[in-house]
Every structure is written in C-alpha cells, then in structure tokens.
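One structure follows; several queries about it will come next.
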Amino acid sequence: MSDGFDESSPVDEPPAGEALLLDIDGFEGPIDLLLTLARDQKVDLTRISILALAEQFLAFVSEARRLRLELAADYLVMAAWLAYLKSRLLLPDPQPDEPSAEMLAAALTLQLQRLEAMQGVAARLMARPRLGRDRFGRSAPEDLPIFAKHRHDLSLYDLLKAYGDISGRQARQSPFTIPVTELYSIEEAVARLEAMLGRIPDWSYLSALLPGGWRGEGVKARSVLASNFVAILELAKAGKVELRQDGAFAPIQLRARRDGEGGT
Amino acid sequence: MTDLFNADTQLVRLLEAILFASADPVTEDALQARIGPTPVRPLLLQLENLYRHRGVNLVASGGRWAFRTAPDLGDQLRTEVEVTAKLSRAAVETLAIVAYHQPVTRAEIEAIRGVATSKGTLDILMEAGWIRPGRRRETPGRPLTWVTTPHFLDHFGLESLRDLPGVDDLRAAGLLDKSTPLPTLPGLEVVSE
Amino acid sequence: MTDLFNADTQLVRLLEAILFASADPVTEDALQARIGPTPVRPLLLQLENLYRHRGVNLVASGGRWAFRTAPDLGDQLRTEVEVTAKLSRAAVETLAIVAYHQPVTRAEIEAIRGVATSKGTLDILMEAGWIRPGRRRETPGRPLTWVTTPHFLDHFGLESLRDLPGVDDLRAAGLLDKSTPLPTLPGLEVVSE
C-alpha cells in the first residue's frame, strides 16, 4: 500500500541529459525514459528523430551498464529493439512482408504521444479544484440520512477487500503452503545418486553429476554441493562408490564400485 | 454583480464557505480571526438576514454560528429516516462469500470462513436486502442455499455477478493479502486443489 | 416575501435543505422522488442560479447534485485542512488512463504506460473511491475492465466525463483510440490477464 504514495510530485519532470543517469528510478519504465529524451529534442513529438532517440537511449543504457547500475530487463529489451529499429532505419527494407522501419518508427511515435497525452491530462486533472483540498462539502451533515435507502454503509471496496482477506487467510491456512526452505536435502542427494550409479561413466567429476537447474551462486547452489558431497561420503562408506581427488581442492571424482573389487 | 468584487461581499462569501464546511459551530472569535480586521458581527448579521427565509438558516447559539436546515421543513425532512449501522466483519465476509460462491450453504460459508456463522449474520444480510434463500441443495439434509439479490448488484453498482473481480484480479489490484509462495523441493510440488 | 408561500418556492427551500443536509451528492431521481410530481430539474437550475456567485455553490456531477464551497475560496479555506497524501506518479497516470480510456483493462493500462502496474496502484485508486471494476470485456480471457465512479467526478469537480480536461482534443488526435493497431513494441505486448 505504501508504494502508491511517494514524496515526489506527480508533475515533476525528470532532469534531462546526463543527470538522467543519477535517477533511473525516477522513470516509469523505458517508454517514460524515451519520452523524456524525446522532449530534449524540443520539437513536436510527430517530428522527432527516432534515429536520434534510439542513439540516445542506447547511449543511456550503455552508460548505465558501464556504471554498473541495475537496469530492469525491460530497458534491455527496449535497447535491443531500438538497435534493431536503428539498423532497419539505416538500411533499405529487405523483406516486403515485415512492417517497414517507418511504420515501426511511427508506432513508437504514437506510443510516445499517447503517454505524453496521459501525463499531460493527469497533471491538468490533479490541478483541478479538488474536493477536500480546494472545495469542501458539508462536514456536518445533519442527522437526516433521508436518502439512506441502504441501511448499511458498505462500499464495493469493503466487500472486495473482505473477500481478498478471506482468500489470503485461506491460502495461509492451507497445509500445502507452509513455506519450504530452498535447500537440497542429503536424503534426496543420496537417493538421486544411487539411482544414477549404474549409468555414470567410469570416473566422473562430481560437479558434472549435480542436478541441473541447481547450479550457480547462492544458498541454493551451495546447499546442492554440500548435500551431494555428504551424500557421496555416505555412499562410499556404504561401499557403493569409490572417490578420487588428485590434490587439495582439486575436483572430486567418483565411480560406482565394481563388483569383486575390494574397498578403497 | 458589481457587488461581488466588493471586499465585504468577498468576506461574506468566505464566512459562508467556512460555516458550511465546518464540522462544528464556529465561535465568533474564530471567524473574526479568519477574516482579518473587518468586524465580523455585521457581516454575520448580513448573512443571517440573507438566509432568513431560505431552506437553510444561519443560527447562533452560545456565541457559535452554524447553518441549520429551516425548522419548518423538519417534518418533510425527517420522514423515512433510517439509521445506518456499521456491518460487522463477520457480516461483510459472509456477504462476500455468498457473492462469490453462490449458491452456498451455511455450512460451506462456515468452512470457508473457518468459524461458525451466527444465525443473526444471515438475517442482517437478508434484512438489508442483499441475500435471499435459494434452492435447497439435493444432498442429505437438503440444506438451504443462499444467493444474492438484484438489490445487491444495484447497491454495489455491478451490472452482473460476472463483473465481480476474480481472485486473480483482486491479487493484481493489491486487494489480496497473500503470503508469497516459496519454491518447493523437487518431488514435493504442491498439487493445486 | 409573499413568494415564500408559493408552492414552487417551498419546494426549492425543501431541495435546498435536503442538499444542504447531505454530505454526499444526491441523485436527481432521489430528489424528484422527494418532491412529488413537479419536475425537479427547473427547480434545481433555479437553485443553482441563486447560489452561482455565493461562497457555496450548487454543482452537478454525474447526475447528482451537491453544495460545494466555491473553488475561488480554496486558498483561504485550505489552511484548516490536513494535507492529503500525494499520489505516486504511477497512481496519477493510471487514474488518468482509466478516466480517459474507460472502460479499460489492466493490460491496456500497461500497454499505454509501457510498464507493469504494481500491486496497490489500482487498490489505492479504488480505496479513494475514484475507480471501480466495470464489465468484463467479451474477449478471450474475459478481462475485467476499470471505470471511474460518480465520486471521481465529484472530487475533481466535473459535471460529466465529457468535461475531462482536453478530452475532445485527445479524441480528435486519435490518442484515445484503443483500436489503433500497433506493431509489437517491446514492453507493449498486451499480456493476458
């Protein structure tokens, strides 16, 4: 709820040019940023240079990445699309069945105009004399609720909020939604490796046998590694696998223990 | 109309607006403080006179001023007076469940809310004209079901029951207070109900 | 003063008192029901005219009537009120889009703004009493639409949606046209709801 309100004024225009980079969070998405860049061209939106705009946006994104600023995925998608549009605008249109570069540019212009129109009227709407701020109603309605056809003062919002609360409560009470920690259990690792034993080639690196989708950084990945490490120790102890390591911190290798061979 | 831009007239307009918008009668001192050096009393008397025969009068009592509806209209205003009462949380939730799950039996309402529903809750909703008994469910005990009335749609400005936002809509609108589901362990995926 | 006992004048006084006593705008139908067979509209216009230059005006919005303090007195009245929380840019833009494009789905709002609507934005606008769910769109997925409420008109002092600032210009410029076919732009895909 708190994110619906903030300190910045709704009509504040973000600063242009280089100062843009200081305030990525001030933009409501890539279209909003494009609109701000377009305003820098100080011409009618129908006459802006889409090519120049694409250049500026791409420069913005590469500068943000150079400064290692976190950019949302939609900015990168927009950058890729603008790079494509730029190449289409610079080269003659090869495929007649695709929309022409001019059509794409016109669509983008219309999109910018539409957002600009909404931002403009939003400011005009907010500037109107508003009830409770500039205009006031009767604060002391007399005890004559003669139009109270409804004996209960219940709004649709109240009703929907009540149902939302019930649904939320139900979801929490459901036995299936007990939060499960994102850790990979040793039991699971043992069971999985045991099932794989017959199929693994001779000596294999442990790292190659970790489950897919669990690689990478973070607690999850470390728990996979730890569980599987403990699991192979357990399996070795039970005489089911053989382990090998060429030196301290070298990759661990394992293979299924062959029948008839002795212990390690 | 030239009078409109006369300073006194502007002050009378301001007094009129203050008295209209104030929740309680306002003291003459407070009014004086609001309008500056011009003596407030003659302006108030002017306003009182202006409204003397209107449907609303400016009245003073105990040094405080307020607009009140004219006493002679009392009878015509006081007909049909109904007292609005706040609905209990149980009643609001029950109404919401009937709206979304109708036709729904009392036992089903209780199962969804997780608590027993008092007989009075359904009575209140029925008295308000929002719900009515529907068909009996053809199951053992033939329990009565509850459904909403046309007045329910009317009150909440809905054209049809199909226009009630679904759970996904509520969630998207931020109305659903939900706990974040966490990824589950492989092999332990939740089977949705 | 003899006029005072003229039947029409009595009805005007009654309307004045009813409207004065009620905090929320009253529908013309409800007022008509209160005064009997005499057409209510001319009487309301008479009353509107009577208060046109006063500190309190009679205003119509969305077919409902209410007394409201004159807009030009806002600065002088505002000192007494607490500052209302400022709406976020997202909320303000979303409100404008709902107002000018209604009925509008969440996906359409997102297409115009080029970003996902955060949870809580629609919630806040609905809690403020400015928007409500409208009919479902009869397209695949039957998405819910959003529309503005009568209270929206009252809050922003609009008699009807036709009085939205600049609405005619935007329509003439084709900027309110939902059917404008756009080639797919990034971030503008209409997501299914």
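In order of appearance the chains are A, B and C, and numbering begins at 1 in each one.
Convention: contacts are C-beta pairs under 8 Å (C-beta built on N, C-alpha and C of every residue); 3 or more make two chains touch, one makes a residue touch a chain.
Computed from a predicted structure; not experimentally measured.
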| item | value |
| --- | --- |
| Geometric centre: closest chain by C-alpha means | C |
| Inter-chain pair with the most contacting C-beta pairs | A-C |
| Distance between the centres, which are taken as Cα means, of chain C and chain B, whole angstrom | 17 |
| CA centroid of chain A to CA centroid of chain C, Å | 35 |
| For chain A paired with chain B, centre-to-centre distance based on mean C-alpha positions, whole Å | 39 |
| Multi-partner residues of chain A (each touching 2 or more other chains) | 1, 136-139, 142, 144-146, 155-156, 160 |
| Residues of chain C touching at least two other chains | 18, 20-21, 67, 69-70, 77, 118, 120-121, 123-124, 126, 132-133 |
| Partner chain C, residues of chain A touching it in the complex | 1, 3-10, 28-32, 74, 77-78, 80-81, 99, 103-104, 107-108, 110-111, 113-115, 117-126, 128-139, 141-142, 144-147, 155-157, 160 |
| Touching residues on chain A, where the partner in the complex is chain B | 1, 136-140, 142-146, 148, 150-156, 158-174, 176-177, 179-185, 188, 211 |
| Chain B residues within the chain C interface of the complex | 1, 4, 12-18, 20-21, 34, 53-56, 67, 69-70, 73, 76-77, 157-160, 162-166, 168-169, 171-175 |
| Residue numbers on chain C that touch chain A, as the complex places them | 18, 20-24, 26, 30, 34, 66-71, 74-75, 77-78, 81, 84-93, 95-97, 99-100, 112-115, 118, 120-121, 123-124, 126-127, 129, 132-133, 154-158, 164-167, 170, 173, 175, 180, 182-183, 185-188 |
| Touching residues on chain C, where the partner in the complex is chain B | 1, 4, 12-18, 20-21, 53-56, 67, 69-70, 73, 76-77, 106, 117-124, 126, 132-136, 142, 144, 149, 193 |
